Amino acid sequence: MFPDMEKVKAIKLDKEMKVSELVERMKDAGFGARKIGRASEIVEKMFDDKECKVFFGLAGAMVPAGMKQIVIDLINEKRIDVLVTTGANLTHDLIEALGEAHWHCDEWDDEEFHEKGYDRMYNVLMKNEVYPMLEDFFEKNWSEFEECDTIRSFLKHVEKLLPKNSNSILKACVENDVQLYCPALADSGIGLMIWGRKAAGKEIFIDAFEDMKEIIDFSWTAKKAGVIYIGGGTPKNFIQQSLQFSKGADYGVQVTQDVEVGGGSSGAPLEEGKSWGKLKKDANFVDVRCDATIAMPLIFS
Amino acid sequence: MFPDMEKVKAIKLDKEMKVSELVERMKDAGFGARKIGRASEIVEKMFDDKECKVFFGLAGAMVPAGMKQIVIDLINEKRIDVLVTTGANLTHDLIEALGEAHWHCDEWDDEEFHEKGYDRMYNVLMKNEVYPMLEDFFEKNWSEFEECDTIRSFLKHVEKLLPKNSNSILKACVENDVQLYCPALADSGIGLMIWGRKAAGKEIFIDAFEDMKEIIDFSWTAKKAGVIYIGGGTPKNFIQQSLQFSKGADYGVQVTQDVEVGGGSSGAPLEEGKSWGKLKKDANFVDVRCDATIAMPLIFS
Amino acid sequence: MFPDMEKVKAIKLDKEMKVSELVERMKDAGFGARKIGRASEIVEKMFDDKECKVFFGLAGAMVPAGMKQIVIDLINEKRIDVLVTTGANLTHDLIEALGEAHWHCDEWDDEEFHEKGYDRMYNVLMKNEVYPMLEDFFEKNWSEFEECDTIRSFLKHVEKLLPKNSNSILKACVENDVQLYCPALADSGIGLMIWGRKAAGKEIFIDAFEDMKEIIDFSWTAKKAGVIYIGGGTPKNFIQQSLQFSKGADYGVQVTQDVEVGGGSSGAPLEEGKSWGKLKKDANFVDVRCDATIAMPLIFS
Amino acid sequence: MFPDMEKVKAIKLDKEMKVSELVERMKDAGFGARKIGRASEIVEKMFDDKECKVFFGLAGAMVPAGMKQIVIDLINEKRIDVLVTTGANLTHDLIEALGEAHWHCDEWDDEEFHEKGYDRMYNVLMKNEVYPMLEDFFEKNWSEFEECDTIRSFLKHVEKLLPKNSNSILKACVENDVQLYCPALADSGIGLMIWGRKAAGKEIFIDAFEDMKEIIDFSWTAKKAGVIYIGGGTPKNFIQQSLQFSKGADYGVQVTQDVEVGGGSSGAPLEEGKSWGKLKKDANFVDVRCDATIAMPLIFS
């Protein structure tokens, strides 16, 4: 490791510096800054590698936190082949596509929020009245969904019903033929809407396992694979298990605040994936332990 | 808050002290120790409250980490009404029920593990050969599963096929009529087994949303509710969203190492649930920020 | 690593189980539980090794959190040779030795606490009136301190003035000839008391570097060394730098919640010390990432 | 809190975007991004407030991680009145001022590093040979230091001996009359150099408490105060205790990865300071839980 040793260079800020320049300089610094720089470089490489299929796992509630547009732009720029996300992200994406918003709060009183009809996600609020709006949307359009038999097809039908110019991850995926998976859709607001119709006696049968075929096939046949994980949870793990059927990822970038020592999949370092065959021996990868809302704008700048 | 103020008392250890005594004394100490003591007390209260239905969310990979028996004992002692867990926990539970084991490792070389056929989860290993064992199990018994149309019914059929005296969370749930949910079963080794059969052309049709009916109904009709979350992820969130249809939980204990500031459901403090109506205004609850493998034996001692 | 591989065994609780039994069983479990078990074993070994000098670094504010007695008992049982701690711990130790207490709070309103005269340390409170009590103590006894020229000698003079039967870390150290260091005493309530006298024109001259001689000498001449770090900060680092003059520690146990990725000394894994020569190549050590108030009663049970 | 509620706006990246623009947009996003935006705004306000004295606490090992220049620039631009830092930062600052460097490492083998003479700080290395260089520096120049009787005066004498054009935090402080404090200098490489001379029989007496006078005086007389904490430890706590003699800080920005629940000063939220009178009731402040090497370039852009 010694021949290539490079010096740490102190970051010199200047008022006119572009984000992309800062990220380059961060690579010359140490600790987490170094990792942001390396992550940006690895992401670039995996995007530029024509043989590489890019799997993007987006956990948490990144949409209410204002990270939606970064994901949409990556999709529109054809950077991503597969997006696996939470029902939460898709629900909030739908809420915004239907015209509602999320709100800042820098202090909180949860009892007061409850009385006033606000639901809190750390320092972001959602109005409780989005639920009747979602109810209306699904109730009114339910006939459209009756034929759906997979989660993927259900989501595609949701997309068809979105307002024309809505700005949405779901829409971007459909328009750009990005494979969109949401294995735990039941665990979300959209899941509740499906439950609501079922509870009211409407018939719909959506298979819980059918979507696995396509993602595993895709993983199996990919010459090369790159993974980007924003948070852990089901999105990361669902991609990781598909990669057991690949040759192992060639590139990897993970952004998480979860701890490694807890033993969970969410906080596990990418390196651990080598034991499982999910990551190649000589893969190019980095773990960034950082708030995703801070790291994402830097890494994808 | 001042009238009831109690003094911090230093913990005095002694060689003969029982775990339950230590936990009681921890309540007199500060910081995390205090919370362990309070969690134990709240858990006791929710178990003793005859009107209270207990929802237990078990995330991560607690089975390979040796936490299985604590959960089994809680089930056998009729402490829990609903268990929501990950596919990972159920897969490892099945692996152990079928006679395989997990192994310690205090140091790691993931490339070597890969060559030798070990899959690592932090400081625990699994032999890769468990996969053919699982393949055999499902392949041989597949006809049993063909009628299953929900995740819950699928799991019940798995249980029927377990060796007689196997010690398993799944078995304990079935034997004690504990409702067992696993909304993201697709995202696990068992999910891969189902995929494998489907990929081989076998027919099975398992609904992704059907199980929501029962848990939401149960939540809706419960006079009182108590929640215990070991880790976050889908298990916690799936219970939390069901509670939106309840009167709000009366008791809550959460053990997690995830951070609050990340904005994710996994790290969110229980207090936040008040804004959503998932936790009652005057609920008795505590967040324990600790490795679950350390906190669980103390809290349930 | 494979010949010795041991199975993970699930922890089975029982009502009569002693803490020491639980800790033994934790060693058979995974993740953090395993580490608690190993830490306990390593601590035992270093205590039993007659050639080993034990350096104990106690950071943070462990005294107000009720951890005082565990440290006192270790000192009284002659387990520790050197104790390095924060001014905070010594200040709170003195406050309790002088008859004052710390208090629980499970909820907080810092503005209200301020008005009522309470100072908060997470879920522990101290009354603001301890300051005049400390003022009195030092003002009244100041002539005793005028000859002190090192931090160690100053602390020994404080001890002489403690009430006869007071239960205190400081007292235990003096009575058992444990070397007590507090390199950042200026950064604490006791430091403020010294400042107060100096500001009032009283003369005292305490050397900032003199105490280094003894600890480095001790480290230099120790046949073997063992380190126990409860938290990081100055206590850990001060021991670590002394060990650069030793043969490297033979045993090490660290309990911390600080992160490794931040690059600070507090969160650095013990392994990192090998590069510096602070830890021997074949040392027996473990990092426990856990709230110290939870881990300490287990490890020292 | 409701009248002023603002919408979360998704961050839209573009290739030409300046860092300062990104930080502004981050304020419109949620979770940690929001806090980076707010921190930048608060820092700006405290810098612009003519009545406000700025106290900057710089912990950890920010110099080897490439953060030196940001601090130097803040000093040169007269943004800071008081800098409290660790001996580690000053030692690394001196090492670089004397011409040595720090080095990247993205993987590690601490035993090999030890053999090759590298000391590791997470992903940054220092050559062990800096120690003889420091020895030479102090040995050669020792007569200069003999009159020093405070840590501050000692550091000023170090500065006088630096190469003319060296780029250094220490130099910048002296040149700009910024008060520089290092209460735990004994706990650092420079401390070891002082010890080395003392051990060799050279006389020097440096008072451990004298520097407190000036910082407390300054805090006492400041019309307004602003605090910036990069990490916790002694730098933060030393400023915090000085503020007990002020009217309470009017502005505060804290960047830390330490946890709140541990009860330590390093991870304590600024809000907690209100109970102690260290922060004003109506202060403008924010806690940023982030790797400082990522947050600093954004906040000070």
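To keep things simple, chains are lettered A, B, C and D as they appear, and every chain counts its residues starting from 1.
Just so it is clear, a residue touches a chain if its C-beta (ideal position, glycine included) is under 8 Å from a C-beta of that chain, and two chains touch if they have at least 3 such contacts.
All values derive from a computational prediction rather than experimental measurement.
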| item | value |
| --- | --- |
| Shared interface numbering between chain D and chain A [over half = same, under half = different] | same |
| Between A-B and A-C, the pair with more C-beta contacts | A-B |
| Euclidean distance of C-alpha centroids - chain A vs chain B, Å | 25 |
| Centre-to-centre distance between chain D and chain A (centres being mean Cα positions), rounded to whole Å | 35 |
| Mean-CA-position distance for chain C and chain A (Å) | 43 |
| Overlap residues in chain B, where contacts from two or more other chains coincide | 30-32, 64-65, 121-125, 259, 261-263, 289, 291-293 |
| Residues of chain B defined as touching chain A within the complex | 59-61, 64-65, 88, 108, 110-111, 113-114, 118-125, 151, 183-189, 191-192, 194-195, 198-199, 204-213, 216, 231, 233-234, 237-238, 241, 244, 257-268, 271-277, 281, 291-293 |
| In the complex with chain A, residue positions of chain C that touch it | 30-32, 259, 261-263, 289 |
| Chain B-touching residues of chain C, taken from the complex the two chains share | 1-2, 5-13, 15-20, 22, 25-26, 28-36, 38, 64-70, 73, 101-107, 109, 116, 121-125, 286, 289-295, 297-298, 300-301 |
